[in-house]
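Just below is one structure, and these are the notes that go with it.
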Amino acid sequence: MRLQARQVSKAYGAQRVLDRLDLSIDAGEVVCLLGPNGAGKTTLIRTLSGLQKPDSGKVLFGVEAEDENILKLRRNIGIILHQPFLYEHLTGMENLRFYSRLYETALDEGDLHRLMSRVGLGKTRPIPVRAFSRGMKQRLTIARALLCDPQILLFDEPYTGLDQQGCGMLNQLIQEESARNKLILLTTHELSFIRQIATRFAILHHGRIAAEFPNAGVSLDALQEQYSTALGAEKKPLMERL
Amino acid sequence: MKAWLHSVRVLVWKDLLQEWRSRDILTSMLAFAVLSLFIFNYALELSPINRSEIAPGIVWVVMVFAGTLGLNRSFTAEQDQGCFEGLIMAVPDLSAIYFAKLLTNLLMMVFLAVLVIPIYSILYNQSLFNWAFFGVLALGAWGYSAAGTLISSMTVQTRMRDLLLPVLLFPLLLPVNMAVVKSCGVLLGSVAGQDINGWLNLLLVYDAVVTMLSIMVFEYVIQE
Amino acid sequence: MSYLSILAFALVLFAFVRVLFFTPVEQTMGLVQKVFYFHMSAAWVGMLAFLAAAAFGILYLSRKDLKWDTLTAASVEVGLLFTIICILSGMIWARPIWNTWWTWDPRLTTVTIMAFTYIAFILLRRGVDNPARRARFSAVYAIIGFISVPLTFFSARLLRTIHPVVFGGGETEMNLNAQMVATLFISLAAFTVLYIALLLQRARLMAQQEELNQQMAAVDSDYDWGE
């Protein structure tokens, strides 16, 4: 199983967000995508998941994507974006039950309860999601992403809203999934947490992967250093460029 | 096809459950409708004979205006909580999302009709308990929901949202308005025996055309 | 000035002169009937513009090229202009003939609803900032708006046949001889060319405005705010 972006470009009007980007991720890898705000990390995740079509270039899933049953492909991707995808008036379990039925999974009540426990929501009372804290919503979103037991996980800033315990839970979850040979790509600004589990870092800047390096137990400072260097040369004041 | 129907069923059930929990939309629609009936009474001050003639008009107008409250809210959950994306990743075809919303909106309109008819009958002392009348209202509600669901899926993504819905929707509804009011007038016996087949045909054509067209273009509305 | 604009101007001027000086006065209605040639031509252009907008909309949805969207928007604006001209000229014509400013005649109802749909279209475009989304929504609304026009027309006509009440005059006979019919066709042709000229001008202007907006946005986002 391999996820590949080949020469992917995407522009919003005159602004080029992705510029002939190449990236490939294999099963068992945990790739962390880094980059400044507005670099295009979210756009890349959305393009890889199929929610957005690139202007040019291809996204390939091992086999040529066009031949595969699109629905099966989509259901094999667990995605987390900035917004939680939750229905406010339903309880946590009801949300999971709804998505589980929609995805046509074979999960029963017991399985759903186990999933809730796995993300640390096992003991919550049946209250509507409206009353959940931000952290609880994020945990539920993570649970929702795992419903189909997808082979590919695309997480955009998954640590948002999670407390220390939550971040630890997410790290453990990612390691468990990675051990089951899943393909994981995530974006984050939480360098301290991600360096514990990432197998590789990729830095997105000016629409391309500016740097890629494996996570060979590099220290936090070294990581910061590498990150700044990759971005450093790029900033020029406006007058120079006109 | 089976998968499509299954996803429609699951989506409708979710919407109904959401509404049952909050009861936001139904209660406001009902309150709006009843208050409008009151206002109409004082605004129009008609003799019983004239009142019976315009009954279908009043009932339908009240439903159209109250219906916009429901339509405005149809997609707010999907838009504000980003649920569109979750649904896009899950359904066999995007038209299932449209059709499910159409059914939900239709059910709310039918529910409204079920409550407005007796309330009108009591307030205005005129029995509107007529199955054919209710049937035509339901057909009209289908056309209304078909156009309304498509339009609200667009307006919810704009800056102006609620403000824009009536402006965009009402010009498209003229055929439905006419057909419903005219045929109901005949059915209630307030207008002397005329042929309503023309109006019913028009209504059926409108419902079919708008539904089919919306199913075809819906994917362009919600997907980048 | 493009050749098309010059041609359009010449044709309209020609039609105008012909209507005023070289077309006989209609016997029942008198001089005011001459408004009819422009009224009818404006109505024709209004319908044509709507059809074109829907067609451009379909082209955008299938090709995803923003130039089709620009044409859709330009067509609607020009169409709205002509539809208003049609309604106003109709009212000017109706007053002396039927002694009323307005009738609930099927054609008038349909044309007015079309005008409202046009206005709604423009408001919809105002409410969306993202150009691609705006284009998609415009295309969808243009298509569904266009489909509703014949449905509206048939409803209004059905109303008329069931209620054959004469509203302040009703169907008045208008006698046209061959010369007047020729004038009518010249008028229609002139207005059609005028529509195309205006459409292309408006589309060009819109495209330039949009490009300017995009460049400004790109400059803003590239700017190093000294951080």
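Labels A, B and C are assigned to the chains in the order they are written; within every chain, residues are numbered from 1.
Note that in this section a contact is a pair of C-beta atoms (placed from the backbone, for glycine too) under 8 Å apart; a residue touches a chain by one contact, two chains touch by 3 or more.
Please read these numbers as outputs of a predicted model, since none were measured by experiment.
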item: Graph distance between subunit A and subunit B, where chains that touch are linked; value: 1
item: Contact-richer chain pair (by C-beta pairs counted) among B-C and A-C; value: B-C
item: Nearest-to-centre chain - CA centroid comparison; value: B
item: Chain whose Cα centroid lies at the greatest distance from that of subunit A; value: C
item: Approximate Å spacing (C-alpha centroids) for the pair subunit A, subunit B; value: 39
item: Centroid spacing, where centroids are CA-atom means, of subunit B and subunit C in whole angstrom; value: 30
item: Centre distance in Å when subunit A and subunit C are each reduced to the mean of their C-alpha atoms; value: 49
item: Touching two or more other chains - residues of subunit B; value: 224
item: For subunit C, residues contacting two or more additional chains; value: 132
item: Multi-chain contact sites of subunit A, meaning residues that touch two or more partners; value: none
item: Interface residues, subunit A side, partner subunit C - complex; value: 12-15, 38, 235-238, 241
item: List of subunit B residues in touch with subunit A within their complex; value: 3, 6-7, 10-11, 13-14, 17-18, 21-22, 77, 81-83, 85-92, 223-224
item: Subunit C partner contacts - residues on subunit B that touch it in the complex; value: 147, 150, 154-155, 157-160, 164, 167-168, 170-172, 174-175, 178-179, 182, 194-195, 198-199, 202, 205-206, 209-210, 213-214, 217, 220-221, 224
item: Complex contacts: residues of subunit A adjacent to subunit B; value: 46, 49-53, 71, 74-75, 77, 79, 81-90, 94, 98-99, 101-104, 128, 144
item: For the subunit C and subunit A complex, residues of the former touching the latter; value: 130-132, 211, 214-215, 217-219, 221-224, 226
